[in-house]
Every structure is written in structure tokens, then in C-alpha cells.
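Per-chain residue numbering starts at 1, and chain names A, B, C and D are given in the order in which the chains are listed.
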Amino acid sequence: MRILFIGDVVGRSGRRIVTETLPELRRRWALDLVVINGENAAGGFGITETIYNELVEAGADAITLGNHSFDQREALVFIERAPNLIRPGNYPAGTPGRGAAMVETAKGQRVLIMNLMGRIFMDAMDDPFALADRELAACPLGQAADAILVDFHGEATSEKMAFGHAFDGRASVIVGTHTHIPTADHQVLSGGTAYQSDVGMTGDFDSVIGMEKDEPVRRFLTKIPSGRFEAAKGPATLCGLAVETDDATGLALKVAPLRLGGRLSETQPDFW
Amino acid sequence: MRILFIGDVVGRSGRRIVTETLPELRRRWALDLVVINGENAAGGFGITETIYNELVEAGADAITLGNHSFDQREALVFIERAPNLIRPGNYPAGTPGRGAAMVETAKGQRVLIMNLMGRIFMDAMDDPFALADRELAACPLGQAADAILVDFHGEATSEKMAFGHAFDGRASVIVGTHTHIPTADHQVLSGGTAYQSDVGMTGDFDSVIGMEKDEPVRRFLTKIPSGRFEAAKGPATLCGLAVETDDATGLALKVAPLRLGGRLSETQPDFW
Amino acid sequence: MRILFIGDVVGRSGRRIVTETLPELRRRWALDLVVINGENAAGGFGITETIYNELVEAGADAITLGNHSFDQREALVFIERAPNLIRPGNYPAGTPGRGAAMVETAKGQRVLIMNLMGRIFMDAMDDPFALADRELAACPLGQAADAILVDFHGEATSEKMAFGHAFDGRASVIVGTHTHIPTADHQVLSGGTAYQSDVGMTGDFDSVIGMEKDEPVRRFLTKIPSGRFEAAKGPATLCGLAVETDDATGLALKVAPLRLGGRLSETQPDFW
Amino acid sequence: MRILFIGDVVGRSGRRIVTETLPELRRRWALDLVVINGENAAGGFGITETIYNELVEAGADAITLGNHSFDQREALVFIERAPNLIRPGNYPAGTPGRGAAMVETAKGQRVLIMNLMGRIFMDAMDDPFALADRELAACPLGQAADAILVDFHGEATSEKMAFGHAFDGRASVIVGTHTHIPTADHQVLSGGTAYQSDVGMTGDFDSVIGMEKDEPVRRFLTKIPSGRFEAAKGPATLCGLAVETDDATGLALKVAPLRLGGRLSETQPDFW
């Protein structure tokens, strides 16, 4: 199966490169599944229903979120009627929406998509390790699902690598989001799970993690806010992770980063 | 000028790839300056004098450190007689050693090397922004120094990018360390400074940030320590950043990552 | 019912004042229940079986713990045969021991004792609010238990006060521990729960939260460890909270701090 | 000298008890100096010029601040014309206002008042220990000043106690603020400095640290904001610390808490 995961889309600039390139990528590479992290799609803060629909029309099978899930308060409502909008599963019980969804591809393959939040240097959520263990036990890879993708939304590289190893062999892909900077450590772990500590944002890299740089730089210098954070408006780099899985086992065969446009050096999977 | 920076060398595995490959790299590429972050060189925790000498003999002009600077207590002593061993400059006044050093290359060029610690999600140190501003004001790039390299040892991508922009044009290279995972965002910023959020460790990537994975994974699962952290012993990936600077201005002309050996995909600068 | 809760006993100095004064206090005031936080009883770090027995013999009906629960690794074993040794309930599932216990007083009254860890500025544990809600729903005050005491082991005053209000009326006593400094905000909340943000340690207050002051002061000044933390050896102040509950409802009627010995100003409940 | 320090005044409720009681307290006890922490005086967030003047008219000789210093942006301006409005001295260089001020009492005694921010569990500021050391070296107690009061605005009890011991004997009073909960550990340290880890807020204690409790409780339960924080409106408790100093040495002779009104148990110094 051919899977493309696209990292935190930031604001209008990030959305533009998705809508302009994803339809063609999906066709050219005959992608079976596209998942996008959309937690920053609305001006950097959360997601609206309009934007959710825009990303789905551009070719996303599912949208994952993170600590910004509900920055746009309408998300608390429309998430209930958006079956493939997935927020971190380790929010408290009773939170609107769901933390995992089973998506069926055009060829009829079932893919479990999970979203989890890390806890190191982040808000206090329920244990993502214990939750993943329960959910993956209930949905064995290669049996109950043809592929499993986990978007682990976290800050600390230690927690992300530990999570990768803890569930190596039980998911097809474990990919990090949230730091907004792509890491160059994509690999197939020894148990067969494709892993990357952070896929990076889809946004303008002439910025501070996607935001216009003046205000954040000034805050570091002065320790006093003097304005709001606004999504940077320059051309975005689309950051993604391409994974080819074995249809029999669900494990990863190949993994490569995708980077298109903007300021970062471009790279594409050479196996498609 | 041709500059190579090598990220956090972790334990014996990391040291081995440095001593085995750096002498040849230095020759092949006619490198003018090599700087290595050595804060984890001694079994993952700090640096000894023997190891410092080993890294210098392998071809390092200077060694930078970080939050693990003094894990080996002998470093508090020998740092005073190791002129090119540089610890973060924003330790409290009175800390042994120095936070910056002017190194002269074989061709007689002067390079200022600074080491600073970030403060987001890290220990409370003095302000690295204010300190960098003072030191760079006292040493204008292209005038008082032919090149300036800053190793910004920090956790948060926001702080690192903000630091990069804040001093863009005033240093040749601003490179992050500490997360142990290389980022794929190397670029020449608009003011001419080569930048990468994190160069990544030089260590075994079948690990949790360089440590044998069992104990860290178990701690995330149980929240109770059941042993010590030990440096992973598998083959290391050498992670570095290659920068070519303009001899007249000191600004960066080209930047590319270097990754050799171990589990990560290999890459080399194509401009040397 | 007459309840006395005694805060974090630190080292030998803390244990001495407990063994010297508690038997007499218990007799004089005809206490029905005594609970002691013992997480720092063994030299400041954890608890041993010998010390557990010592505190029980001095008059404790139950011992609660905190983030130092398992600093002495023998606690992972003997906690299983120590029915009234209670560690925070929001450790991961599978952790040795229990997070709550029903204790029967000499008069045959049943008291539920719970221990929970806060999450603000502390390690990432399971949600103490959700867990308390489940456990208190399963054990209604005045019906399934004649009294309920919760030791909320946390750092932030905001989290502690929020916890108090969230469960006001569903427990007899909600008392904070962990900061080691007694607060002066004891009150019966509007729903009938006796509350104090932190009961304070039972230890030497000529110290840094119970530890000999030289090393912690030096670490704040230098940012470099130069020795181990050791429990301070001067005379301890016993810090406790005295609560009288209504036998019919289980709610609190009266609350007052207890402070005996050492450097702090002494105070005793005037209603016994 | 008779000194009264009053803790973080929160909103209208906190201001009311100050304006209603302070003039009479000042007269009755013939106070020489009154200092108030005003960082939450404007609805819980910062201070306006009108409120500053109101507190001065009620009897404050100086107003200290904290992490909320500039929540009301007008404070960035009027602080320059308010000589006895003191913000933490360890803000970056160039921050409007001052971190210390020398106040002269009606009897002509000079009192140095300093405000500092802690760094544990707080924003990254300059080193308060190093700054205090420099400022106290420049102003020896009993020589350059008849009394010295330090408002240490911090979260962690360890940092506050360490600060107290580090400067014991060099200030008349070291008093903590910021947690909003009064501690019961007031004492004269062995070197002669009056100390209390936190003086507590002057606000409504039927709240979550001074804020209406519904929204903070809900956030702990749901992890999703559903409204703004608003200062609680019930009757406030005035929380203060009373210190009598030796006119010859500047050291503390007596120390006692003051608590008036609202929900907390009342207490007054018995030595005036």
C-alpha cells in the first residue's frame, strides 16, 4: 500500500501548496492513502469545517490534529459529523470526536489511523503508551487492519523514539508531528515500522515554526508580548513522509521523506 | 572557508566513527575548520580529558558542550587547560572554562566559536539572546573574525529558529544541538547565515536518543526507573553540517548536511 | 470522627518527632484515624519496610506516598504485603501496590484513603481528576464510607484548589502534600470538605525543603551539582492537619493545623 | 522599623479590602513602610495607573509586581513616571521601569525594595541569585540602607527557601509571592532575615487562586478552554507579613503573618 502523510499544515500558505500539489501527487503515485495533520490549518490555530472540507477535497482520506485541535471552537461541534477528523485519543473521556478511525481505501483495504499526544514538555494528557497498547492489542496489524498509521504529536525526541520502539512491529507507520521541523531520521525500525521523529510542517520556513518571525523573536528578546502570532505568508514547503507497506503483513517496506517547494531542499521518494 | 560541524558524539560508538572517518574527511575536503559537540562523548554523559584529546587528534579544532558539560567532574578542572573546549557561555559567572574561543585555522583565518544553551524546556541559564548580542557586537563578522560559528544547544524548535533569525547576518553558522535527531531544515537564511535547527547526534540510531532503548522505554511505560541509562553500542551515524563561507564577508555560501554510516540515509555535500 | 493527617516525614529528624509525639497525641485527643505521608521518610528518598513498620507502630493507620514512592526499590516488593501503604493511584496500571485503601477504625468506622499525584510541574501521570471521580462515584461519602481522605500530592496551588472544589462534598478531607511547606489556607469548603493546599513536611525547617541547605543553594548559584542531597538533621517541626467529621454525613465540621517543635510557630487544634 | 508587606492583590475584591483596612492599620500600628504586590490588581491581570494611584493613596509606599507586570499594556508607559512601582529586576535589560527602588520613610529611614522573579516552573528570566548578590553587595544592610525588603516572585518552594538562605543576613525581609496561597513558615532565619515562602494573595479564597472557580476546574477536567478567567468576586482575605526590624542593624527582630477578612482564619501580629 502506498501511504503519504503530510505534516502540520500552517495557515493559508500551507493550505495553498496542499491544494495545488496533492491532487497531482495522488494521481502520479497512485497513492492508496493520504493523511494530513491539520491542527494549524486555520491561520496557525486549529481547523474550521470549511478548511477540513478543502483538505479532504484536495485528496486527504483523514485529518489528524494535536494540541491545537479545538483552537477554533466550531471544531468541538463539527468534529462529530466529520468521521475522518481525528483528534488525539488521549484527551479526557467525553471529549468530542474520536482518537482513531478505520478508513477504507479505494481498493477496499482497511487502515487504522490513530492520533496521540506526547506528554513531555506538553500538557498533561492521558498515557499515550497505555492507550496505544490497548488499541493496538484490539486491532492486530495484518489481521484487523491492512495498515496502521500513528501520528504521535509530541515535543521530545526521547519520547518519540521510545514510542516508536515500544510499538515497533505493531504499526505500519509511526510518525511524529508538532515541532514543525522535519527530522532526517526516517527509517524502518528493526520490527518493521516506518518511523520519523517529526515530519515537519507544511508552511513557510522563513518564519518561527510557521509564524511571522517578528513577534516571536521580539518575545524572546523582551519577554513581553507586543502583538499576536500570525501565520507566515511566504511560499510553503510541503513536508511529508512516503511509506510503502507490505499488503500481507502491513509492515513497512520503504520509507522516504517528501519535501516540495519553499525554502527547504527538495526531496522525493525514489521508489514510486 | 570550509567548515564541518559534527553533532553530539555519544559514547564509544560515536567516538569510533569520528576517529575512523574524520581524518580522511578533513583531508579529502581540505576542511579549514572542524568543530565537534562532545557533551555526550563519555558513555553518554560529559567528556574526559582523554576523550577530549582523542577528538582533537582525530581532527577537531574545537569541542563544544551543553547541559552535560560537567557530568564528568574532571571537566571542571581540565577545561581550564583545554583552550578550545567550549562550554555554554550562559552558565553563571565564575563557571570554569569559557563560552567562546577564537580559533586560528592553518591558513591563518580567525574563527569565533560560541556555545550557548537554550532555556525553553531546559535548565534556567542566563539569557542566550542578550549574551549573543553582546558578543557579536564585540566581534563583527568579516571584521574581527573571518567566520563565526554558534552551537545553540537547545530543545525547542521555536527558540532555535527565533535565535537564528535574531542573529541572521551576524554569524556564519548557527547550528542547533541537544535533541540528538538531525533536522532537514538546513538553509542559508535571508541575511546569509547557514542554519540548521539540530545537526543530530553522532551515535547509534537504533536507540532512544543514543541510549540503549530498554530502560528509557520501560520508564515511559512504568514511570519507575529500573536501571541506568547506557550508551547504545551499535554502529553510529555521523551527523554533521557542512558550510562553505565567503572569505570576504564571512557569510555562508553553501550548506549541506553530512550523514555517514549506521541506520540513517547517507548524504554528503555535493559542493566539495 | 477525629482525623489527623501528618505531612511528608523527612528523614531521621522527621521520624523522631513522630515516634516521640504521636503516641501521646493519639491518646490525648482520642484520635480515630492517623494518616502519614511517608514518601521522604528514608533519608529524604522513599520508604523502607522497617520505617513503614516504625511509623505504623507510632500510631499511623495508613501511610501515603508520592513521587518518591519507589526511591527505595524494596518498596516495589513490600508494598504488596503492606495493606495500608498507599501510593498514588494514578501510576500506570500494573504498578505494585494500591492507590486507595479502606481502613477500619477501632470503633468500626470505615475510612477510604486515597493518594493521587498532581500533574502540573510534575511527572506525566494518569488524570487524577478522572480517577478521583470514578473512585468517589463508587464509594459515596456517608454511605460506602464513614469518611474519605484524599492526599493530593502536587506542586501547583491552582491544581490543588481546583481539585478541592471539583470534589468538594464528596470527600471529608482533601489535603495537599509535596511542596513541604505548610499553607495557611485550611478551611471547610462550601460543600463540606476540609481543605488545605499543603500540610507541609515533618522535618527540619532550617533547610531547603528538608534537605541540608548547602548543596541546593550551591546548585542554584552554580547550576552544577557538587554533592548529594542529604536530609537535614536539626530538630523537626511536625506539620499536620486536624479534622473533625460528622459521623452521619462524613463531612468536615472543624479543621485546624497542627505544628509542633522545630522552627515554625506552634499551633494546635482548639476544638479537641 | 515596622514593615507590612501585602501579597498579590487580586481584582476588585482584593483592592476593596486594602482600601478599607490599610489606612486604619497604618495608623493603628504606626507602620513605617507598607509594600503591596499589585501584579493582579486589575481584574487579576496586571495593573493600571488608576489602580496604582489607588493603592498608593490607601497607604502603600511601593508596589511590586511579577510575571503579570505588563498584562495591562499601559504599565509599560506609566511605570516610567511611577517611581515606586517596581517590576522584577531580572527582566531583560531595556525593560521599562526598575527592579529596585530606595524609599524614604516619614522618619527619614532609607529602605531598599527589590522585586525578583524565580525561574523554576516559570518563564526564563535572568538569574535572580546573581542579580541579588550584585545589588546587595552594592547596598550593604545597615549601612547603605536601614532596611531591605525583597519580594521574590516564584513558584517552587525549593527555590524560595534556597534564595532565603543564600541571602540570609543581607536583607531584612525576603518574602515570596506568586502562588497566591499563604504559607505558615514565617520565621527569622539564623542570619537575621525575616522569611516566608509565600505571603499569599489578597483576594477571595473561595476560588482557584483568586479566579472564579468554574472555568479553571473545567479546564482541568476537559483540557479545553471554554471561557476566560475572571477574578472571583467574594469577600477577600487580606494576606500580609508584619516585620519589625532593628534600626541599628536592619535585621529582623519579629515576624508574624497578618490575615484579615474572608474565608481564612484571622491572625494578627501580637507584638504591635
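Methods note: a contact is a pair of C-beta atoms (placed from the backbone, for glycine too) under 8 Å apart; a residue touches a chain by one contact, two chains touch by 3 or more.
Remember, it's a predicted structure, so these values are computed and weren't measured experimentally.
J.: Mind listing the chains that sit against subunit A and also against subunit B?
T.: Chains in contact with subunit A as well as subunit B: C, D.
J.: From subunit B, count the fewest steps through touching chains until subunit C is reached.
T.: The fewest touching-chain steps linking subunit B to subunit C number 1.
J.: Suppose a student superposes the Cα atoms of subunit A on subunit D; what rotation angle should they report, nearest 5 degrees?
T.: Rotation angle, to the nearest 5: 180 degrees.
J.: Consider the two chain pairs C-D and A-C; indicate the one with the greater count of contacting C-beta pairs.
T.: C-D
J.: Report same or different for the subunit B and subunit D interface, where same means the shared residue numbers exceed half of all residue numbers found there.
T.: Same residues, largely: of all residue numbers at this interface, over half are found in both copies.
J.: Between subunit A and subunit C, what is the separation of their C-alpha centroids in Å?
T.: Here the centre of subunit C sits 43 Å away from the centre of subunit A.
J.: Report the inter-centroid distance (CA atoms only) between subunit C and subunit D in whole Å.
T.: So the centroids are 29 Å from each other.
J.: For subunit B, jot down the residues that touch at least 2 other chains.
T.: 92, 124-125, 129-130, 221, in rising order.
J.: Which part of subunit A faces subunit D closely enough to touch in the complex?
T.: Those residues of subunit A that touch subunit D are 70, 76, 91-92, 94-95, 123-125, 221-224.
J.: Please give the residue numbers of subunit D that touch subunit B in the complex, ascending.
T.: My answer: residues 92-93, 119-120, 124-127, 129-130.
J.: Under the stated contact criterion, what part of subunit C meets subunit D in this complex?
T.: Checking each residue of subunit C against subunit D gives 121, 129-130, 155-159, 161-163, 165-166, 179-187, 189-190, 197-198, 200, 205-209, 213, 216-217, 220-221, 257, 259, 263-265, 267.
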